[in-house]
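Just passing along the structure, written as structure tokens.
We just call them A, B, C and D in the order they show up, numbering each chain from 1.
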Amino acid sequence: MPLEISISVQAEGFDPGAEYNLLRSENYVDGATAMFVGNVRDFSPAESGEQQSVAVLELEHYPGMAESALTDIARQAAQRWPLGRVRIVHRYGPLAAGDEIVFVGATSAHRQAALDACAFIMDFLKSRAPFWKKEFAKGSEEGDWVQARNSDEEALKKW
Amino acid sequence: MPLEISISVQAEGFDPGAEYNLLRSENYVDGATAMFVGNVRDFSPAESGEQQSVAVLELEHYPGMAESALTDIARQAAQRWPLGRVRIVHRYGPLAAGDEIVFVGATSAHRQAALDACAFIMDFLKSRAPFWKKEFAKGSEEGDWVQARNSDEEALKKW
Amino acid sequence: MINVLFFASLREQLGCEGLRAEATGITDIAGLRTSLAAKGSKWQAALASDQLQVALNQKLSSMDAAVKDGDEVAFFPPVTGG
Amino acid sequence: MINVLFFASLREQLGCEGLRAEATGITDIAGLRTSLAAKGSKWQAALASDQLQVALNQKLSSMDAAVKDGDEVAFFPPVTGG
């Protein structure tokens, strides 16, 4: 099917099941659909050396650039693999533990293309899309900015 | 979270959105969820050289072995990557164009682990799980057994 | 007795879903395959394929695996699920 | 004028979401950064980070990119979305 890219940067939550349905609607050509969902964890990453309970995450973004950066990443993926539909949803604002942060979905005639596209999009999104996370420990109003990880920058090298 | 493997081999359809919800339910540790869905295409693969419209696909399976083969593949994935929940659903019986055939989902603390696990499971499922597809052209009652592809056997070599 | 099963195109070619084979004189799957092929030209042709896959007690196996009374042996073409 | 924006920890450090900078005398982003750093020790410290990222007209850019009147330049720390 002809390439269709759809990007949403939004404060509201989203339903991965509904996103799947949109990826598949009237799509009888692509037999493969791969999806990735990122959720708010209840703990800071183990790398930080402490298991800090995060009650709320606050996601800041750069309006305008966030959408165009994600569109650009989706287009790059579509240049590398034969994709049908590509969908990216990224939330901003306050989020609670367990909440969905990001959805990436891709359809293709080939399973590995769909899966690789999701991995590629997530890798570039992590290091190239203008979003910043701040974690709030339970009961704290201070918040700590999440530090970028070298492993995320390293992940780009495989593409 | 402790490893949880769930396998269903069933004639009934399934809802990828509901499967996602089960992967996430009470799971606050794994921030990453990767999923793959395979659907019945409306055409035979382009490799066949003809664009034959498939009204119905019939999936035969080896009861008992199908479940144990999928469980074994899921366990192998969990030995390679730090996975939380792993879910595989595979249908058998008559299927129409657009129908879901297979669902593979994996949660992890690491996005690449979840995505790689889905790719690994699909690759081994394609060449090692006892399912066989027969395609029925529109209006035909004969049906043609789908031929295994060398590319599927080749795909195993990367693991 | 050995419980023998056939799937997919092989099942159709043979017109048979399964049978019980006498285990006496059979030591491995290759021997079982040879004795089944002797049932007639249709069996000989269908079981001659070098693509033929086999499962012993519901696990993928090789043709030189040992079989004994009570085992379940399934023959089938390369799988095409997913 | 150049429309300058700050995000995340940088915005908090500076206590400033954005400002309009005089384009006269500024040829590239590095020059804009130097002139902003001259606003005081807080600005100097915050803008000195070698981790500092920059976007020119909403595209990731390098410090040596040329800027002109009417451009939008955003400074921010390494991104952490997804």
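Here, a contact is a pair of C-beta atoms (placed from the backbone, for glycine too) under 8 Å apart; a residue touches a chain by one contact, two chains touch by 3 or more.
Fair warning: this is a prediction, and the values are worked out from it, not measured in the lab.
S.K.: Tell me, which chains sit next to both subunit A and subunit C?
M.R.: Correct list: B.
S.K.: Provide the C-alpha centroid distance between subunit A and subunit D, rounded to the nearest whole angstrom.
M.R.: 26
S.K.: Would you kindly tell me how far, in whole Å, the mean C-alpha position of subunit D lies from that of subunit C?
M.R.: Taking the average C-alpha coordinate of subunit C and of subunit D, the gap between them is 72 Å.
S.K.: Per the centroid of Cα atoms for each chain, what is the distance between subunit A and subunit B, given in Å?
M.R.: 23
S.K.: At least two other chains touched by the same residue of subunit B: list those residues.
M.R.: Each of 38, 111, 122 in subunit B touches at least two other chains.
S.K.: Subunit D: which residues touch two or more other chains?
M.R.: 82
S.K.: Chain pairs that touch, all of them, please.
M.R.: Touching chain pairs, listed by label, come out as A-B, A-D, B-C.
S.K.: Quick one: in the complex, what on subunit B touches subunit A?
M.R.: Per the stated touch rule, the residues are 15-18, 20-21, 24, 27-43, 45-46, 97-98, 109, 111-112, 114-115, 118-119, 122, 155.
S.K.: Touching subunit C in the complex: which residues of subunit B?
M.R.: That would be residues 38, 59-62, 64-65, 68-69, 90, 101-102, 122, 125-134, 145-148 of subunit B.
S.K.: Going by the contact rule set out above, which residues of subunit D touch subunit A in the complex?
M.R.: Interface residues on subunit D, with respect to subunit A: 5, 7-9, 51, 55, 58-60, 74, 76-82.
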